[in-house]
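Labels for the chains are A, B, C and D, by order of writing; each one numbers its residues from 1.
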Amino acid sequence: MLVVMQAHATPEQIKAVCEKIELMGYRAHAMPGSERTAVGITGNKGAVEPGTLDELPGVQELIRVSKPYKLVSRDIKEENTVIRFPGTDAAFGGKGLAIIAGPCGIETREQAFAAAERVAQSGAQFFRGGAYKPRTSPYSFQGMGEHGLQIMAEIRDEFGMKIVTEAIDNESLELVERYADVIQIGARNMQNFSLLKKAGRMRKPVMLKRGMSATLEEFLMAAEYILSEGNYQVILCERGIRTFSHHSRCTLDLSVVPVARDLSHLPIFVDPSHATGHRERVPAMARAAVAAGADGVMFEVHPSPDQALCDGRQALLPQQGAELIGQLRAIAAIVARKVEAVR
Amino acid sequence: MLVVMQAHATPEQIKAVCEKIELMGYRAHAMPGSERTAVGITGNKGAVEPGTLDELPGVQELIRVSKPYKLVSRDIKEENTVIRFPGTDAAFGGKGLAIIAGPCGIETREQAFAAAERVAQSGAQFFRGGAYKPRTSPYSFQGMGEHGLQIMAEIRDEFGMKIVTEAIDNESLELVERYADVIQIGARNMQNFSLLKKAGRMRKPVMLKRGMSATLEEFLMAAEYILSEGNYQVILCERGIRTFSHHSRCTLDLSVVPVARDLSHLPIFVDPSHATGHRERVPAMARAAVAAGADGVMFEVHPSPDQALCDGRQALLPQQGAELIGQLRAIAAIVARKVEAVR
Amino acid sequence: MLVVMQAHATPEQIKAVCEKIELMGYRAHAMPGSERTAVGITGNKGAVEPGTLDELPGVQELIRVSKPYKLVSRDIKEENTVIRFPGTDAAFGGKGLAIIAGPCGIETREQAFAAAERVAQSGAQFFRGGAYKPRTSPYSFQGMGEHGLQIMAEIRDEFGMKIVTEAIDNESLELVERYADVIQIGARNMQNFSLLKKAGRMRKPVMLKRGMSATLEEFLMAAEYILSEGNYQVILCERGIRTFSHHSRCTLDLSVVPVARDLSHLPIFVDPSHATGHRERVPAMARAAVAAGADGVMFEVHPSPDQALCDGRQALLPQQGAELIGQLRAIAAIVARKVEAVR
Amino acid sequence: MLVVMQAHATPEQIKAVCEKIELMGYRAHAMPGSERTAVGITGNKGAVEPGTLDELPGVQELIRVSKPYKLVSRDIKEENTVIRFPGTDAAFGGKGLAIIAGPCGIETREQAFAAAERVAQSGAQFFRGGAYKPRTSPYSFQGMGEHGLQIMAEIRDEFGMKIVTEAIDNESLELVERYADVIQIGARNMQNFSLLKKAGRMRKPVMLKRGMSATLEEFLMAAEYILSEGNYQVILCERGIRTFSHHSRCTLDLSVVPVARDLSHLPIFVDPSHATGHRERVPAMARAAVAAGADGVMFEVHPSPDQALCDGRQALLPQQGAELIGQLRAIAAIVARKVEAVR
């Protein structure tokens, strides 16, 4: 259920509606828009008994949301969600293209700073690096842990880039929130609902990667878990799905970009590095992602990929990364990232 | 690396080998067999420097394990792992067929007892029921939590069946271990490596379900995470994969049964209820699973499926469950569950 | 549209209904059942204007068939289609289990006769062998052509088995119909609609293999192409689909068996040899197919698989084939191949 | 096996090499390059016995081609294949972007001319339209046949665009070659090897669409069938694969573009209309295809999509098509369609 407020509704009126909803035993989610605020209601089993909500001052109308996802839906918030970082021009979902680059894993202070310097020069607003690495084998490098986070915090201070890094469980989530600017939840944890709920109680933006076998609806429902707990700053990220087609590590499903933009107000990102698994395929797929309308791209850069402890084969050389960013910005200028709705 | 002991090696000699391995900075895993014990070595980066291990008393030979999975491999343990429950004839991986049945979720004490009574009568050795339910939607029934576990513990006392139930995070894992007999880790958490490691430090058997997009190698590697922490009692469970084929909720990949039996010594189970999503398809696929050589089958039974809070459409009526078990035992008698190796 | 005749309708009344339908510009398909005959109408765009059909003598009622497939649907023919071969007990869809065995390709007269002798001894009613081989590479062995067909015709005369072999285009289709007893259309040609239509004008039964990416609906629609031309003797055959799961060549989708039996009256077969690609996996999946309710199984047997010109790795040795058939008949005796409908 | 000629080899020397190869019982395929000619050898079982080939005048060296595809491989021809249409600037694989547009099916002369006029105005060099339609249902519109081909031939005369249309069997193939400029072979016929061989004996270029479950290797092998018969003018076309992901009709696998460009010298196209199935998704995926490096795009345009007899939902309005072509040319100018090889 959605309570649409009148255009001139006052903050007090919105607050009164929220309080009334909470009194009824539900949860209220005020979603401000450029013209009016809408208040989403969750926590109900079946239909909300709207009672006298529509008689409250400032309420324009009540709308039932029929989709299984509520708060992530464009039905509840028509405008794109823009996630800003005060004091910088870094943003997700705004007019500019957001670029996240950096090595797969933080391996040493030297490696991380060498990568960060080159990434900063190339014009990326965000630096990525893994301190906690979900690895297929228990015998592979599992990341530096908190020390890796500390190195990334220093990189932010030194180069001004915002830090994006992955949390893999409740313990690492708290540490990641403390040190980083954007919490990444990986594909393998996309339906780790316990982690999603906890991320929903954090105050930092969450980049949620699509699971390798997740439908778009399941992907949006996973984001809904985060929003339903009160954290509305979520970025979706396509990173390839599992198919029979094995010339590429995963099959990058770029058609999810225009469809997600249609169904949801959340920003949508693409990670071509994990999808392709090969440095030489990354530029083509990064360009394709921007041409398809993605809000940004995340890719891996390593100063000396041959010595990387994980996924070196998919990391661009810093110079390649810089060239690619130039191409991406040129393509973004051609593509109006507007929604082309199916009605 | 695998240290194969001589057939007549003494417990002291085995202990000495393990201590030597630990002294070298690795982890030792003694795997007793019917004729001899093998000691697996993990925790090494690259090849183990075997030093003077082969000069220790009782050591027959050292073998390099080339597969990415070590402890789950038949290379390290030729005989089937059999998981027994002392004082009962319930077992996983033994000569008999193991049957796990029960409702998807524990909803009330009455519903659970009604289901359990019928399941016990039908001859199942294990009772299943969810106290923590991983649900696609944050707005769906999420399970009764600890109270559901308490009900299942009462059911064990009343009917003598062993209890299988799912843990979804570190908190629920500790509770599940306290109340249940077998810890289930669901498909969505198959690569929740943090949870796998913690399950590897538990003392109860773990039933690990295959992720919907997991290759067999990834499935075995997930099991390896559990064994590598010292818990060698793991049961694999196929429950359907994601494919384009949508006449069934998932595509049950029964060919994994003979291949897993060839590659690993761990018991292999099949869950036809979640795979098909339809009561009417469950018997055919349960029979097929046993005919393919599965060590057992887990399926859902509900005394009144139409009122189930989750997945009622796939639950068998108790009478159907009882008939099915009869057919399964008859098929199991025809199928020698022997390994047909590809060499 | 379906015209259901009264139980006591005479052949003349049925004929009159068919003529009336043809006069209206449609095509009539009389489908006799044990209690009554139904007459399917195809060739219409949109709804049939039933006119005065229901006033004709012997007509009980008119039913609209809402599914996209008409003639293959159980809505139009409730009883299983049984395809018999007069003078023998070989049948598809009857009470007994049908077994088709033989080498992948006919390579020489000696190889074919050696295989046939062993296959006949093992109790298979049908002999298979390829004279026209659809091969991924233009440089691979493409089959012996008509000479291969002649060898198989001799095998029929010698051993009494019925012959199943593949046609790959219009030319080979005519030859296959001349020499063989059952025309196979392979997975790669499942949507070669031109070939399907021509097969629909043949008078021999057609075994239609499911395409590697065909949904069940598409599979049934491909069969509908054959029936719509007047050939109602079609056997469906599952042979594995393309998925990400690569421990097996294809993923045998056995859940199609109970669903196809529910939706269609046509017999349903399974080919575990092409699905698994490994001799050692074939018996497990053949047993699973029969346990799931298949009307029969087709598998490959070769007297000396190591010298086979194609797919030798998946061919059973004759002795393995004979043992397997024994197991399959024992399982079939347990499984009542009845329809378990989802309603 | 590949015979590389010296840079200054004469036509007579090349001819002598080809004759020698044919004398040896193989087939010779002379592939001219900008610097030198290479002569591919096919028709051999196992390794070619090179005999005295390397002693012939003008021969530089003999190279073994280890890939299963030979003539389509970059190993045999380093330069891109460019397919030109004399007297026009239409080309596949050249520097410019090739655009194929038109309705799914030719329905009437009026509809086809209305579409063609708008398509010609928008700057497309090629007009597409189906006269033979492979339809899932035997009861759907199957195309106008030869009369549709005649209409398209008139369109070529009227508007100067080259005609691309599908052949579905041997009969239609001969007619399509007579009337059209480019023979399309559809996804469902990608492994109709009989049709491929016949197309290989035609003298018109062939656009080969990737099958819905074809690996890249199988796709290239299907092209190899055509080249092996002597027709070297083949254009590859990605049109979406079958996956579990159902927000789009098929999953457009754009990563095939850079990989195909690396492995093969053939032009690579993308069809976003059939992949997405929705008009609103087509522009995003067409842009992505060009950004990924495709040589061109084929999409559907219909003057009044709501009245289309097939696939109207995926056809762009003419105005949308014209706008899209502008964007595509702008993106193409940014993307150097160079090969980024994985070595």
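Just so we're on the same page, contacts are C-beta pairs under 8 Å (C-beta built on N, C-alpha and C of every residue); 3 or more make two chains touch, one makes a residue touch a chain.
These numbers were taken from a predicted model, which means no experiment stands behind them.
Asker: For chain B and chain D, which third chains touch each of them?
Answerer: Correct list: A, C.
Asker: Among the remaining chains, which ones contact both chain A and chain C?
Answerer: Touches both chain A and chain C: B, D.
Asker: Among the chains, which has its CA centre at the largest distance from chain D's?
Answerer: Centroid comparison gives B as the farthest chain from chain D.
Asker: So the centre of each chain is just the mean of its C-alpha atoms; given that, what is the distance between chain B and chain C in Å?
Answerer: Here chain B and chain C have centroids separated by 38 Å.
Asker: Taking each chain's centre as the mean position of its Cα atoms, how many Å separate chain A from chain B?
Answerer: About 34 Å, centre to centre.
Asker: Residues of chain A that contact two or more other chains, please.
Answerer: Within chain A, the residues that touch at least two other chains are 213, 241-244, 246.
Asker: Touching chain D in the complex: which residues of chain C?
Answerer: 42-45, 68, 70, 134-139, 168-172, 188-189, 191-195, 197, 211-213, 218, 221, 224-225, 228-229, 241-242
Asker: State the interface residues of chain A toward chain C in the complex, per the touch definition above.
Answerer: 242-244, 246
Asker: Under the touch definition given earlier, write down the residues of chain A that touch chain D in their complex.
Answerer: 213, 215-217, 241, 243-248, 251-259, 262, 275-276, 278-281, 283-285, 287-293, 327, 330-331, 334-335, 340-342
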